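Take a look at the structure below.
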């Protein structure tokens, strides 16, 4: 039974997920081509100096930073928008399943999709970084890009909440809440500075995950 | 045993009353048609039955369970057709059959593929690109394949051309009677309903106008035609009169009372008339007669 | 809904502060060896005032004349530079050698510290320092990593590790402090604290490791060690111990000399140290005070002066903020270079009153709805989180318990 739900979600999102994955890989390739170029043109020790002491973020190239957010947004819209057109989600609520479990399965599918792509991207990034940089620099970079990936999940959950909400007034209010909370993931800071915030930020992101049950519940009570 | 029981349903949209204290039952194995004008509360009732709306007060039970908290086992026994034959349009007919078959143990895809064979679509054609009639075939085929005990069909004939409509109605009725299925349906096309349903429930704004076996209803609800001499006479408020339509001197009187009763009444009140006749009505005429023409 | 409350507790105070913040300009305190008194510069929206603590005002020229070492260039240009001060003849160039300035903010300590450093060649024979081709780290041993190849230089690593080991160094290093820039007059390497809080002086001379253990009392630990590059070349670094005392580490004989000042807390205060021919001026500045302690060149205290002002929290706007917001959340903090959920709780009771008022208001809002009992959770949230909860509760329609 749950396989069928996953099958449906896959049908909705497969092209978007694949494109997102490809774009991520391209972005990373692009990034490291530039790094390698810069390392050759500047002397390597000067480049390291800029990274270690002058806060150069070598990964701030191209759209690598916003990619997790945009990719998650796209997957969320691809997954949930077809459900709200003509209230098609009624079909899924009518299936012989617990409605909340069904929504959670949909959410888990999306989350796992994004998780796989994020992990692949993150590992690629770290692996390639190790070719040119020592562990200390790579750690600092990893800490700094972690919030961007977390923001992808947060955006996914919030978008699901917004799209599934039946009443427009509340959709707008949720958007305001999202607009206030998402910048938390993007505070400007030196490399490695995000470390103390990461645990709590992860907790908040996980809390967000069940928020779409709220919209689903309201729909089934007949909010127009 | 009642497949559906609704007790004391009351609902408002904001401050506007939809209906109050609505009670009706649908016995297992019977077919009930819900008729009413637009806005009378048909879709509201369907939404309540499927758990998509919480009524202001009252409750509905399907196979003994409150419709607001239907269990998965119960939901497997219910087939639901959404108004407009809404389906997941991003799938094609193979994908959608594969999707739904995973949920229902009793899935039997023979009737589905029989219907699909009659459709002229390519195997990978998405449902969103199909015509209205083709989509309805898909939707109905899926319900038949599910083999549910109770079918809730919201306006099943929408978009179908007459040939298909006739086909479905005959098929549905035979299918339902052969396997003791229960059907709860609404439709705008009332002649179709006449061939299909056992019981009728007619709703108007704020109230139920009739709730009984359809044949009894047609037999008992009568239309009399006569011509008045005195054009000022208005019988709409008499309590035996269900409806009183007058155009110039030509009157259509709708009532449950017998022909004798009406003639007796007219005589007793000194109302002159001529060309009195009883008019045979089909279900549609009866419906219009009961609810009015506007 | 929790997320909404968190989000609002960050956003609303920030908006409020943006609207109402006024800059606080701490007065700048200096000591005049001629006047034997403090001279204070106060900057405000009305202009710059120069005066003594007793209130005697100075013009700009008088002020600069009273601080000959600070404004030597200006006085030379004006031709008013004195030949002698306090009876001591002054050679301008020599005086310059005794000028030094040092600044340390809490943000610099509470931030991710670098763990890779360039080891300069101390005696290269060249006028300018060159950035070396490798960087080192000290973990379980000392390793040099070549920047170009990203590989460890085994030979050099072993050489230096052995040198450290032979001096009794306990790996890994707790901190490495130095001046990793080429813009200094010469290279004196790094001051390294090992795993047992011992202190070593480490540098590279003609390619060979130079390690010297510094004798310090065995239970002493330091909050921070800041290396300096002063012209007088009297000491390598300022050190602040964990009991808030200030020390210098003298050059060449590695003596730890305590300066006669107290309450030097680098975690909370900004510390500035200005040195000239006669004195050291150690200024600590906090949220609501600034304090200047004057020492002579033997590090003995000569004078001291401090001033306080109302901190941001107690100003009128600050007080209103305390009432409005039961707590304020910020992602960054002026004392720290990290990002975290910094919470500052309100100290006033007025916010409790506001919470109660909001609960009553909420009650009015839902008066018309049916099940009041189910809104108890909402009331609790409003009571605890004040205005943030109030907004959040009204944004998220509560239907779960209907």
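We just call them A, B and C in the order they show up, numbering each chain from 1.
Keep in mind that, in the parts below, a contact is a pair of C-beta atoms (placed from the backbone, for glycine too) under 8 Å apart; a residue touches a chain by one contact, two chains touch by 3 or more.
Please read all numbers here as calculations on a predicted model, not as lab measurements.
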Leaving subunit B out, what are the touching components among the remaining chains? one piece
Going by the average position of its CA atoms, which chain sits the greatest distance from subunit A? B
Per-chain Cα mean versus the mean over all protein Cα atoms: which chain has them closest together? A
Please find the two chains that have the most C-beta pairs touching each other. A-C
Where the centres are mean C-alpha positions, what is the separation of subunit A from subunit C, in Å? 36
Taking each chain's mean CA coordinate, subunit A and subunit B are separated, in whole Å, by 48
Return the distance between the CA-based centres of subunit B and subunit C, expressed in whole Å. 79
Per-residue overlap in subunit B, given as positions that touch at least 2 other chains: 54
What positions in subunit A touch 2 or more of the other chains? 221
Two or more partner chains touched - positions in subunit C: 402
Subunit B residues touching subunit A in their complex are 47, 50-54, 72-76, 78, 80, 82, 84, 86-91, 95, 98-104
Seen from subunit A, its contact residues with subunit B in the complex are 1, 3-4, 7-8, 11-12, 82, 86-88, 90-91, 93-98, 219-222
What part of subunit C is in contact with subunit A in the complex they form? 2-4, 6-8, 10-11, 111-112, 114-116, 118, 131-135, 137, 145-148, 150, 180-181, 331-332, 337-341, 392, 395-397, 399-400, 402
Touching residues on subunit A, where the partner in the complex is subunit C: 39, 43-49, 52-53, 130-134, 136-137, 140, 170, 173-174, 176-177, 180-181, 184, 187, 189-197, 200, 204, 207-208, 211, 214, 217-218, 221, 223
